[in-house]
Amino acid sequence: MKLHEIASRLEVELEGNGEIEISGPAGIENACSDQITFISNPKYSGHLKTTAAGAVILAEDAPPCPIPNLRSSNPYLTFARIVQLFYAPPRPVPGIHPTASVCESATIGEGCSIGANVVVSEEVQLGGNSVLYPGVVIYPFARIGDRFIAHSHSVVREHCQIGDRVILQNGAVVGADGFGFAPLGDGHFEKIVQSGIAVLEDDVELGAYSCVDRATVGETRVGKGTKIDNLVQIGHGSSVGQDTILAAQVGLAGSTHVGDRVILAGQVGVAGHLSIGNEARAIAQTGVARDVAAGRTVGGYPEMEARAWKRNYLILKDLPKLVRSLRKLEARVAELEADAGGGESETD
Amino acid sequence: MKLHEIASRLEVELEGNGEIEISGPAGIENACSDQITFISNPKYSGHLKTTAAGAVILAEDAPPCPIPNLRSSNPYLTFARIVQLFYAPPRPVPGIHPTASVCESATIGEGCSIGANVVVSEEVQLGGNSVLYPGVVIYPFARIGDRFIAHSHSVVREHCQIGDRVILQNGAVVGADGFGFAPLGDGHFEKIVQSGIAVLEDDVELGAYSCVDRATVGETRVGKGTKIDNLVQIGHGSSVGQDTILAAQVGLAGSTHVGDRVILAGQVGVAGHLSIGNEARAIAQTGVARDVAAGRTVGGYPEMEARAWKRNYLILKDLPKLVRSLRKLEARVAELEADAGGGESETD
Amino acid sequence: MKLHEIASRLEVELEGNGEIEISGPAGIENACSDQITFISNPKYSGHLKTTAAGAVILAEDAPPCPIPNLRSSNPYLTFARIVQLFYAPPRPVPGIHPTASVCESATIGEGCSIGANVVVSEEVQLGGNSVLYPGVVIYPFARIGDRFIAHSHSVVREHCQIGDRVILQNGAVVGADGFGFAPLGDGHFEKIVQSGIAVLEDDVELGAYSCVDRATVGETRVGKGTKIDNLVQIGHGSSVGQDTILAAQVGLAGSTHVGDRVILAGQVGVAGHLSIGNEARAIAQTGVARDVAAGRTVGGYPEMEARAWKRNYLILKDLPKLVRSLRKLEARVAELEADAGGGESETD
């Protein structure tokens, strides 16, 4: 596709030679002369001198550039849309595969693709234009919106509710039993029936093997537009707000409430019964043991303000030096004391 | 159901109006006037003033309460049983689904429900009244007790042994290969056949995608009544005692032994070849690198006594202040030294 | 099997009575009189006095031993091969199970075993002598080499490439969508089509539920001979070198490059866009936030040289003592200052 054609399809401004042929998008370090790349963060603009890319997407206010380029108010988004111009995943065939087991009492919307060995149980409602890849299992009474995409081995458990345009990567589980056991007093535990549900609102994506547990009573909820990476655990009775990002291997214990537009980086853990305010952030591996106020960024274990944590880290790295300073000082004070004592004895 | 009916079914004492109609259980913050809630921990009794709940379960020795209430020696357990009064999960149909593949040499107990696309391999023994949800796979020679519940995509690997009343949440795997490779000396590794098994004793529950690896030789074992949350890793040759709790995303490396009634909170990691004594506990995200004696509570990374860790955290938070104190003190000592030197020179 | 027979099969030297009958291998602490065990690390040679093992594998240069023994330049490897002498996993039947769905356009090599409910999609190429256990799903256009072993519920996504002799434990996923979303500026996110692939080179093993995400553009790659344990996350666009070991629950964010013969212990997290040099190591739970040079060993959170981290830990454990030292010193200085002040007033 010629560069000017890309520019006109995406309605962005072209600077330089629009006649060059672009075969696809690439990262800035790997791009070849027939590929287009992007610079979203000005701190990477040094790469412009070394990249072999044939074209580049730049911010509207970026300085002039010798490489043919497209100007965008959101270069990363423009790049994302170019990826889509050049690639579409294989389309599953519409219809119900003969090996699928779809219960008669289930309601399936129009235009769905139900793959091999898929199981749709009794009383399930599934919206139109959905794709269930091979091996997906929908338990009884689940209610699912339109344009649902469920990759192989993902599961929606009994009574759970899912909005429109939700995506489950492979093996994501909505509504497995919450971890609830009542101590019997003799050291044993009795399982508490998890009678609640899990709810995913519109436009949620769950990564591979991520788990949103059903609640003991009531619900566990993930808000509209929230994106969750692989191997994440959302404990029972928790809620996650809208447009929040949970990176891989994050874990939320039960009954914890995470706000809107929050970002929790990889492997962050959050204890139970906490509240994390809107737009709060946590650095990777943070162990959150207390409430986090809206807009704060935390790091460390247990968490503290990220700035404090980074500052402390610099001290920690040099901790032995600190100890040596203290020891030296003790020696100096001892000497002063000896002198003073000597002085005293002299004055006696 | 009327409150007095609940009281008599659960054989607990009723205080207040037993004629009110209860529609179900709820958490104390969300409960409505037709719902019953509970207070297990006296520190939450302040909620009694604000809850809209129609009834509440209290400890036998709790002070009088204006809300109609049930008195229990174990309010949480009573609550758990009320949940069960009001909710039962959909019951799978008994019998073998026509799409299931059950080997002729397998022995299936009475009253089992074998769902769609379930695979039961040769020589498997499965106890009575078990439920295998769609997509469960039992490898050859596995021996499983009665009342086994295996949710979709859970797996029992070859030769593994499972007691009675075990529950596997979705995708739990018993007996995947342990992580064993012999270095060849040239930088490459040779896979070591994992010839051992994994054993789950009676009443164990494994969370979604939790893995109990098979041993290289011998066995990996999880003791009676132990409850394991989602995404937990139990390395090969390890053992976990009875009535132990492993929260989500905990990882045990190989050949580590965890005692009875231990509690490891979320994301705790335990190195290999260690021993964790009975009733020991670890705070969330603890990195356990040494043996932990029975009854101790540890925290931190690497682990230390939890109390020490919490005390240290308070110091760590103010580490820059500590450094400033030291610097100030150094300045003061320098001044004293200068004075002393001056004094000395004066007295010379 | 007699001990001398084992010695001659494995071509190692025998010391002592070769006529004893060996029923199998065992760990040194559990071995019985008809079992053979091994000592690889001289620090465990004290166990020779207490073990009940009938025979033992020793290093060639180990001191003489009263127990019948085999001498090996690599005792652990010899042990691994003895395990294999005594145990072979049940062999799946060759051929295609009647419940498998194999697309006509797929190419299946000779000698493959395709289990129940396996799905092989259009245009897939699968090498010879491969085993797909029940419930495996291969998405369209995947290209897979010879002697592939895929345990139940493992998945190879569209267009991904896999070398020879690769093993996927249960539920391992190659090529699920990378976690890529473009912020729209209004707080919402737009999914970026993940057009790249994931590549596993020859002899790679992935543990249960480990995920190697597909790249946004280009590829995510795991090098020849690398072994990855359970529940590991490899973010999109990352690469892992050859003969590298990633223990359970490790997470690599996106676009991070890990070298050859690296060892990352359990629960290590590595931030995005970093580089970890050849033969580098990270202690369990390390949070790697910067590049790690070849050959270095790091620990801590964020990471530092492992030696520094261990030294610091000793100080940290005694942090309150350090604070007390400082406070005492302050008091002593205050006294000196008072004396000096007093002295001054005296000399006035």
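Each chain carries a letter (A, B and C) given by its place in the written order, and its residues are counted from 1.
One rule holds for everything that comes next: contacts are C-beta pairs under 8 Å (C-beta built on N, C-alpha and C of every residue); 3 or more make two chains touch, one makes a residue touch a chain.
This is a predicted model, so every value here is computed, not measured.
Enquirer: Using only Cα atoms, superpose subunit A on subunit C and state the rotation angle in degrees, rounded to the nearest 5.
Expert: In short, 120 degrees.
Enquirer: Report same or different for the subunit B and subunit C interface, where same means the shared residue numbers exceed half of all residue numbers found there.
Expert: Counting which numbers both chains contribute, under half are shared, so the two copies meet through different residues.
Enquirer: State, to the nearest whole Å, the distance from the C-alpha centre of subunit B to the C-alpha centre of subunit C.
Expert: Going by mean C-alpha positions, subunit B sits 24 Å from subunit C.
Enquirer: Which residues of subunit B are in contact with two or more other chains?
Expert: Within subunit B, the residues that touch at least two other chains are 99, 117, 135, 153, 171, 209, 231, 249, 267, 285, 301, 316, 326, 329, 333, 336, 340, 343.
Enquirer: Tell me, which parts of subunit C touch subunit A in their complex?
Expert: By the definition above, subunit C touches subunit A via 99, 101, 117, 119, 121-122, 135, 137, 139-141, 153, 155, 157-158, 171, 173, 176-177, 179-185, 187-193, 195, 209, 211, 213, 216-218, 231, 233, 235, 237, 249, 251, 253, 255, 267, 269, 271, 285, 287, 289, 301-302, 304, 308, 311-312, 315-316, 322, 325-326, 329, 332-333, 336, 339-340, 343.
Enquirer: Okay, in this complex, where on subunit A does subunit C touch?
Expert: Answer in residue numbers: 24-27, 30, 73-74, 76-77, 79-80, 83-84, 86-90, 97, 99, 115-117, 133-135, 151-153, 167, 169-171, 203, 205, 207-209, 225, 227, 229-231, 243, 245, 247-249, 260-261, 266-267, 284-285, 300-301, 313, 316-317, 319-320, 323, 326, 329-330, 333, 336-337, 340, 343-344.
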